[in-house]
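Worksheet: one structure, shown below.
Going in written order, the chains are labelled A, B, C and D, and every chain counts its residues from 1.
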Amino acid sequence: MHKISIITVGGTIDKVYFDAKSEYEVGPPNIEKVLAELNLSISYSINSLMRKDSLDLTKADRTLIAATVAEDPCKRIVITHGTDTMVETALQLTTIGNKTIVLTGALEPALFKTSDAVFNIGCALGAVQSMPPGVYIAMNGKVFPADNVRKNLKENRFETLE
Amino acid sequence: MHKISIITVGGTIDKVYFDAKSEYEVGPPNIEKVLAELNLSISYSINSLMRKDSLDLTKADRTLIAATVAEDPCKRIVITHGTDTMVETALQLTTIGNKTIVLTGALEPALFKTSDAVFNIGCALGAVQSMPPGVYIAMNGKVFPADNVRKNLKENRFETLE
Amino acid sequence: MHKISIITVGGTIDKVYFDAKSEYEVGPPNIEKVLAELNLSISYSINSLMRKDSLDLTKADRTLIAATVAEDPCKRIVITHGTDTMVETALQLTTIGNKTIVLTGALEPALFKTSDAVFNIGCALGAVQSMPPGVYIAMNGKVFPADNVRKNLKENRFETLE
Amino acid sequence: MHKISIITVGGTIDKVYFDAKSEYEVGPPNIEKVLAELNLSISYSINSLMRKDSLDLTKADRTLIAATVAEDPCKRIVITHGTDTMVETALQLTTIGNKTIVLTGALEPALFKTSDAVFNIGCALGAVQSMPPGVYIAMNGKVFPADNVRKNLKENRFETLE
C-alpha cells in the first residue's frame, strides 16, 4: 500500500490549450508529470477519477469522490480539484473521520510559466503528511480547515472566513 | 507578529552564476522572490541571516542560527539551508522545544528551469503550519523528523535512516 | 528612427487566460516583455496596432495593417500575428516593395512553459536584419517567402507549398 | 545532405551544474534539446566537435574548427560557442569564402530560467538562412559581421565596434 493516495478530478491545474479551438480543455492529471520529474522519497499512487471543470461537477460526481476516498485503504489523501467548487467538495468529505484529506489545485494552468501548481502540490504534500485526520485545503501557501475557507473571486485567492 | 518566520542561511537554493568567473556564488535568498510572485494568504517575514555554502558553516554559524531561532517570537519557523550539512544544523536545533522548525533547500539552484526549489518551499510551508513542535526536514517531497534523515549523496536525495 | 519596427496585431502568441471564464483572450503584445527581459543591442519600437485572433481579422483590418507598414519610415519590419491567417496577411503585403517584412507568431501562447514564442521572435529578428526587401514568414525555425508557405493544420506547423 | 549544419564547441550555453563540486562543467550541446522540443520545418544536423570553455580553446582547437567548417558540404553553418573568444574564432573563419557561417552562444547557461539561449538560437537560425556568404555573430538580438563586433565585458553584451 502506498503511503499517500492522490486522486485527481480535473480543474484549472490540468487545463491544456487547443489552438484549433482557441480554448481550454481539462487534460490528464498534471500532478503525475510534476512528481515524476522530482526525485521523491515518498511512496504514492495517482488515480485519475474524472477530468472536469469544477463548475461542472454534479452531485453524483461528489458522491463518487466521497465514496472513492472512503474506500481508499490509504489514510493520507491528496485531491487535485478545480478551485471554484473546491470548498464545496471539501465540506462534503468532512463526514469521513479517520483520514487526512488535503485538496489543492491551481489558479493558473500548470503548463503556464507562472503557474502556482508546483508550489501548491508541494504545500499539499507537506500538509497531508503532517496534519491529523480531517479535511483541509492547501492553496495560496496556507493550509485551511475545510470549514474555514472560501475562494475570494475578486482577489482570485483563498482566504479564511474570519 | 508574522505567523511564519523564514530564516535563510544560503546553500544551493540561492546560488547564482557569474559568467566572468564561470562559477557559482551564494546570492540573496531566493525564497523571497518565489513567495513574492505568488499571491499568498499567509503572513511571513524573511531574515537573510547569512549566505554560505553549507559545507562552509562553522560551529559559530550554527550557534548563531540556534540563537536566532530560539529568540524568534514566532512559533513556526522555516530555514532555507544548503543540503550537505542540513541534517547537522537540524539536529542542533532539537533542544529548542516549543517551536515547529522546518529546514528546506534545493538540490539544484532555484534559477534553474528544473530546480526543486519551488516545490520544496511549498512542502516546507505546508509542513510548518501542520506539524507539532519539533525539528523537521522537508526535502524530496517528504517531511522527515530531524533524527531520522540523511542525505544520500550517491542518489542526491534525502531519505530515512531506517 | 529605430532600426527595426515591430507591429503587433494579436494572435495566439498574445493569448492570456482568464480563470473566471476559463477561456483565452488576446492580451497586450507579449514581444514587448520578451525583448525587455533580454539585454539587446538593437534599436526597435513596438506598435500594438490591434489585438485580434487572426480568424477575426477583417478586410479593413488588413488594409490598416498594410497602410501602417507602407507608411512606416523604417525599412525593416516584424509583425506578430495569429497563425491561422498569417499567410493571407503576408500575401497582401507583397505589393510593398522596398521593405523587409517578417511575420511571426506562436503555435502556443507565450505564457506557456513550452511555447515557441521566444524562439520564433529570435528567428524573425535574425531574418529581418538579414533578408533583402520582401515579405517572409518566420515559423518553425524556417524563413519562408510569403508566396511559398502554408500552415499545415493537421501537423500544426508551417511548411513550404512544394 | 542537411540544409543547415550545426557545430558545437562548448561555452556557457552548455554549462551544467554539479552539486557535489558546486561548480559548472561544459555538458552536451544544449541546442540539440532545444531544437528537438520544437516542431521544426528545417533539416539540420548537429556535430558536437568539442566541449570547452571558450577561454580554454587553443590554436589547435581553432584550426580544427576551421577545417571542420571548410570541409562541411553544407553551405549554411551555425556554431554554438563560448562568448569570451567567439569573436576570435569568427575572425579566423573569414577566409572561408563560400559559406554563410553564424556563431552564437549564451550569456547565461541554457538550463537557467532566464537564459538567452533559446532566443539566440532562433536568431542564429533566422540569420543563417538569410545572409549571403560570410561570417556573422548573432548575439543580443543583433546579427553582427565578424569584423565589426566585440564583447563588452562590463555590460555583458555584444556590440558594434563603431
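The working rule: contacts are C-beta pairs under 8 Å (C-beta built on N, C-alpha and C of every residue); 3 or more make two chains touch, one makes a residue touch a chain.
Computed from a prediction, not measured in an experiment: that's the story for all the values here.
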Discussion item. From the C-alpha centres, identify the chain that is farthest from chain B.
Written reply: C
Worksheet item: Between chain A and chain B, what is the gap in Å from one C-alpha centre to the other?
Response: 26
Practice prompt. With chain centres taken as the means of their Cα atoms, state the distance from chain A to chain C in Å.
Written response: 38
Worksheet item: When the centre of a chain is set as the mean of its C-alpha atoms, what distance in Å lies between chain A and chain D?
Response: 44
Practice prompt. Specify, in ascending order, the residues of chain C that touch 2 or more different other chains.
Written response: 107, 114, 156
Discussion item. Edges wherever two chains touch, nodes for the chains themselves; is that graph a line, a ring, a star, complete, or other here?
Written reply: ring
Response to the item:
Which chains touch? The pairs are A-B, A-C, B-D, C-D
Worksheet item: Given the complex with chain C, which residues does chain A contribute to the contact?
Response: 12, 15, 17, 19-20, 22-24, 53, 55, 83, 107-109, 111-114, 153, 156
Discussion item. Which stretch or stretches of chain A touch chain B in the complex?
Written reply: 34-35, 37-42, 107, 114, 116, 118-131, 138-143, 155-160
